[in-house]
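Some structures to go through are shown next.
You will see two complexes here that share chain A, one where it goes with chain B and one where it goes with chain C.
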Partner chain A sequence: MIRVWSWGALLTGLVIMVLPLVGMTEFSLRMRRGEYSFDAYTKVLADPAFQQTFGYSVIMALFTIAFGVLLVVPTAYWVRLKMPWARPYVEFITLLPLVIPAIVVVFGYIRLYNTSSWLPLTGTAMGTNVLLMFGYAMLALPYMYRSVDTGLRTIDIATLTEAAQSLGAGWITILARIILPNVLVAVLSGAFLTFAIVIGEFTMAALLNRPAFGPYLQVLGANRAYEPAALAVVSFAITWGCMGLIQLVTRLSKHTRAQS
Partner chain B sequence: MAYLDIHHLEKSFGSTRVVKDFNLGIEQGEFISLLGPSGCGKTTVLRMVAGFETPSSGAIHIEGQDIVNQRPNQRKIGMVFQAYALFPNLTVAQNVAFGMKVAGAPRAEIDARVTEMLALIGLSDLGTRYPFQLSGGQQQRVALARALAPRPRVLLLDEPLSALDAKIRVSLRTEIREIQQRLGITTIFVTHDQEEALSISDRIVVMNGGIAEQAGPPFEIYNRPATKFVAGFVGTLNTFTAIVTDPETGRVTLGGVPMTLGKPLTARPGTQISLALRPEAVRLGRADGREVILPARITEVHFLGSVIRIKADMAGTPVSLDTFNRADAPPPPVGSQIDISVSARDVIVLEG
Partner chain C sequence: MPPRPDMPLPAPAAPAPVGPVPSTATRPSTAPRAPARRVLPWHWLGLLPFTIFALLFLILPTMKIVVGAFQTVDGTFTLENLRGLNTPSILSSYWVSIKLSVITAALGCAIGFAMAAAMILGRLPKGLRGPLLTFSGVASNFAGVPLAFAFIATLGPVGLVTIWLRTHMGIDLRAMGFNVLSFWGLVLTYLFFQIPLMILIITPAIDGLKREWREAAAILGASGWQYWRMVALPILFPSLLGTFALLFANSFGAVATAFALTGPQLNIVPIKLFAQIRGDVLGDPHLGYALAFGMIVITAIANTVYIVLRARSERWLK
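Coming up: the complex of A and B.
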């Protein structure tokens, strides 16, 4: 009896989650009447606007990852090493992006950094890009912080730090040569999640009026039939590719077996 | 002033004084052990020398220079930890090279030093391995090589053998001592294992409750313990109650038998004092030159090979004695009545 229910639950899950994906993929292949083709894909991929927006989002994602790593790794390290009492507070702060909607944050940004404010970041394209990157980094904070913190838990950072110090290393050397390489797998998981978030993000980019992939997806969806479905499939492929890479990095890392 | 001089060192965590007025002078090339039970402050002293803890007061000088205000990475002190603390992302050779690389030494010099260090610890062909591919003993030897590679002024060993199994522990401690003597490096070794401390140290500092109870060579610590704590902590001890008859000449009666301790006592006549004897100072039967002979009954016999450990009951007082095995003299049976003999010279008076 239990078996029947298990299969039932699995089937329901598949119907709810997989069937729409299958339907969408099938639809994206039907641009040419009467036969399946990749027309929608070739059309979308050849679109200069796609290339531009996708390129923009990829670059933004890379900057966001770099900024996120520089912000999160030293913070998580320092909190674990010197301020363990502050961990619950820092965790709470890093969880805030999950409960504060992006639209609230972006309105806050616009209000605080508009052209008549003390720091007019929205006055220039570069300033707005920087602002958007901060926004993205904030959205990715819960994932980045958690994965790095989990990575730090697997190594004895206090003793490794002391060992490095007794060998003459300063804080930057310790972070760059000892801590970061040992949590690299965790950092990369955080980085791929960040990448996936940035590629699909709509609200912030749209409201800050930046030519990102999310708003492009929306504009295309409002005006075309088959191309949006093709793009959605491409987005899914990117996200799943990122997930696959996380798995791959975890397996290929040569020295992490020592921690198990 | 000694090479490494610790002067009136104090450390408090909140209202708890962990280290109290600790003084120690260590000569260059000396091997000092800090011995004591958990929580006696020995590791805290070591960590203050390393720079990982800041003293509440007091001074630490190396070569006449006060290092208390120096950061740990400026002190040129090598340290080996109980948990090995090898960098998991670096190979054995890279671990050993780390200190010199940080110091900016030329590549050729680093390579030569790494080769030299790996040969010193007998792991020349394991340079390309990662720490997880090594056994505990090998990891700790690499940690030792890593600490020694940048030519530190002082080597600190924080219970480096505690995580290893018994056999490796014994062989590695001999190896550590050999390497230390070959390089002539000033070393502080923290341990709670008295056998380790007794076997490899030039001097031992026995610590208890944050104070140094006694400092001296192993022979002196074992045979002439200065306080009751040192006597009880280092080695096994038989304690007896004796009655003082004449404090000035040190005359007491032990089990009704008079004996002269040969040194004046502070206790008043007629009062009880505690006397102690090492198991090897108590002889089975009557022996020449041992003036006190007492009757006892054998309660346990443990044949350990070269040594026979006998427990006896002497008018209600348990006595433990060790004798060497002799092929022509089998150990006495349990329950038999025997005489034991002791000499006043071996008696340790526990007044403190």
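Coming up: the complex of A and C.
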């Protein structure tokens, strides 16, 4: 009896979660009348606007990841090593992006960094790109920090640091060659999640008027029928790929640790 | 390559790496230092890059909105902006937003909880757990514009389900008044990421229900229903309510999905704010601040509830 109810609950939920995926996949194949084809995919993937916006978002994602790693790894390391008392405060700040809606923060950016302010980032395209990158880093901060901090917990950073210091390593060497390799799995998990977030992000890019993938998708959706579904399938595949990679690196690291 | 004013390596902030180091109590003093020379606490400099980043790109922009909500155009203090929110159009947008968030959070909680409980306690094959959790991780991150497309392709006028229901079951969703671009369409769409989020958050809590509690209840003669009503649910209650608050905040601040689904027409707060930022549709920039301030207040309340209740529930689920 319990089993029947359980299957019922599970299947009901799965219907809501799986049907849209089936629907979008089926729809994306329907472009040619009367038969299934990949027309929508070939058409949209050949679209120069798609290539440009997608390329832009990928580059933004890579910069965001690089900046996030440079910001979060030393901070989390430093807090754990020297200022444990500050951890709750730092953690609280890293959770704030989940509390404050992104649209509010970007509204603040526009008002704070406009052309007549002390830091006119939105005045130039490059400046706006930088601002958007910081915005993305802010969005990804909760995930990145959590991931790296958990990774640091599993290694004995105090001993590692002292050992490295007694061998004459400076702080940069310690961070780059001791700490970073040891938390690489955590960093990669955070990086893949950041990638998934940045690729699909719409609000910030649209309001800062940058040619990113999210706004392009939205415009395409308002004007075409089958291509948006094809891109939705592509986006889902990217999200799935990122999550899969996170699982993969986590599993691989467990193996190496067990062997050593 | 963007310039990075706040290069985040704490190298310059570090005290000399050799010799007598930190004054923190983390290290036992194996070698007693002769003169107790107080080293100035330079440690905090290591936090400087992070602090600057958080200030510039998180705290100050938010403060700007909060302060702006209480200012007139020439900068004097006022409550007029907040009073300006009291128009039928804005109030109804808040009302629709709150309704949307409450409904999707409640349904998400109920369905997600049922699924998680079925997965853990329902005597289903063990192999289901891993894939379901992975799938939840993906689905909870699959929000925004593509999700809207998925629902249009499924429940839209020529969507898979719509056509199937019409040709095979003789049910015309349109004629029944259902439209994916409406409020209820939005509810269904939001459920797509609310349910998996609920599964991800509530699974550890259900895992934490100890078997002994159930056995103890059974020994005292409790039926399964009594066990749930008097033992399990009260223990899970803080988790459930806390997750509800989180799901509420999650859907309250969401812009992209709704915007891609319905365009700028649907009257909910995030979309109104979006239109206001783009084109000052309210005709008063400071009213925009007040609108955003209202959003902060509501999500802050929801998240505070979540954090407080989460701390309470962790007492049981060690």
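Keep in mind that, in the parts below, the second predicted complex is superposed on the first by the 251 of 260 C-alpha atoms of A that agree within 3 Å, B and C clash if a C-alpha of one lies under 4 Å from a C-alpha of the other, contacts with A are read in each partner's own complex, and residues count from 1 in each chain.
Convention: contacts are C-beta pairs under 8 Å (C-beta built on N, C-alpha and C of every residue); 3 or more make two chains touch, one makes a residue touch a chain.
The structure presented is a predicted model; accordingly, all values stated were derived computationally and were not measured.
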item: Partner chain(s) touched by A:248 [first = chain B, second = chain C, both, neither]; value: neither
item: Contacts of A:181 with chain B and chain C, given as first, second, both or neither; value: first
item: Touching partner for A:24 - first (chain B), second (chain C), both, neither; value: second
item: First (chain B), second (chain C), both or neither touched by A:10; value: second
item: Touching partner for A:237 - first (chain B), second (chain C), both, neither; value: neither
item: Comparison of chain B and chain C by chain A residues contacted; value: C
item: Which of chain B and chain C A:167 touches, first, second, both or neither; value: first
item: First (chain B), second (chain C), both or neither touched by A:156; value: first
item: Touched partner set for A:59, first chain B, second chain C, both or neither; value: neither
item: Footprint overlap on chain A, where chain B in one structure and chain C in the other make contact; value: 165, 170
item: Chain A residues touching chain C - in the complex, by the definition given at the top; value: 2-3, 5-10, 12-14, 16-17, 19-24, 26-28, 63, 67, 70-71, 74-75, 78-79, 81-84, 86, 90, 93, 96-112, 126, 129-130, 133-135, 137-138, 141, 158, 165, 170-172, 175, 193, 196-197, 200-203, 206-207, 214, 217-218, 221-222, 228-229, 231-232, 235-236, 239-240, 242-244, 247
item: Chain A-facing residues of chain C, complex; value: 2-4, 6-11, 14, 17-18, 22, 24, 26-27, 43-44, 46-47, 49-50, 53-54, 56-65, 68, 111-112, 114-115, 117-119, 121-124, 128, 132, 134-135, 137-139, 141-155, 159-161, 188, 191-192, 195-196, 249, 252-253, 255-256, 259-260, 263, 270, 273-274, 277-278, 288, 292, 295-296, 299-300, 303
item: Interface residues, chain A side, partner chain B - complex; value: 155-156, 159-160, 162-170, 173, 177-178, 181-182, 184, 254-259
item: Residue ranges of chain B in contact with chain A within the complex; value: 50-52, 71-79, 81, 83, 85-89, 98-99, 102-103, 130-132, 143, 146-147, 150, 156
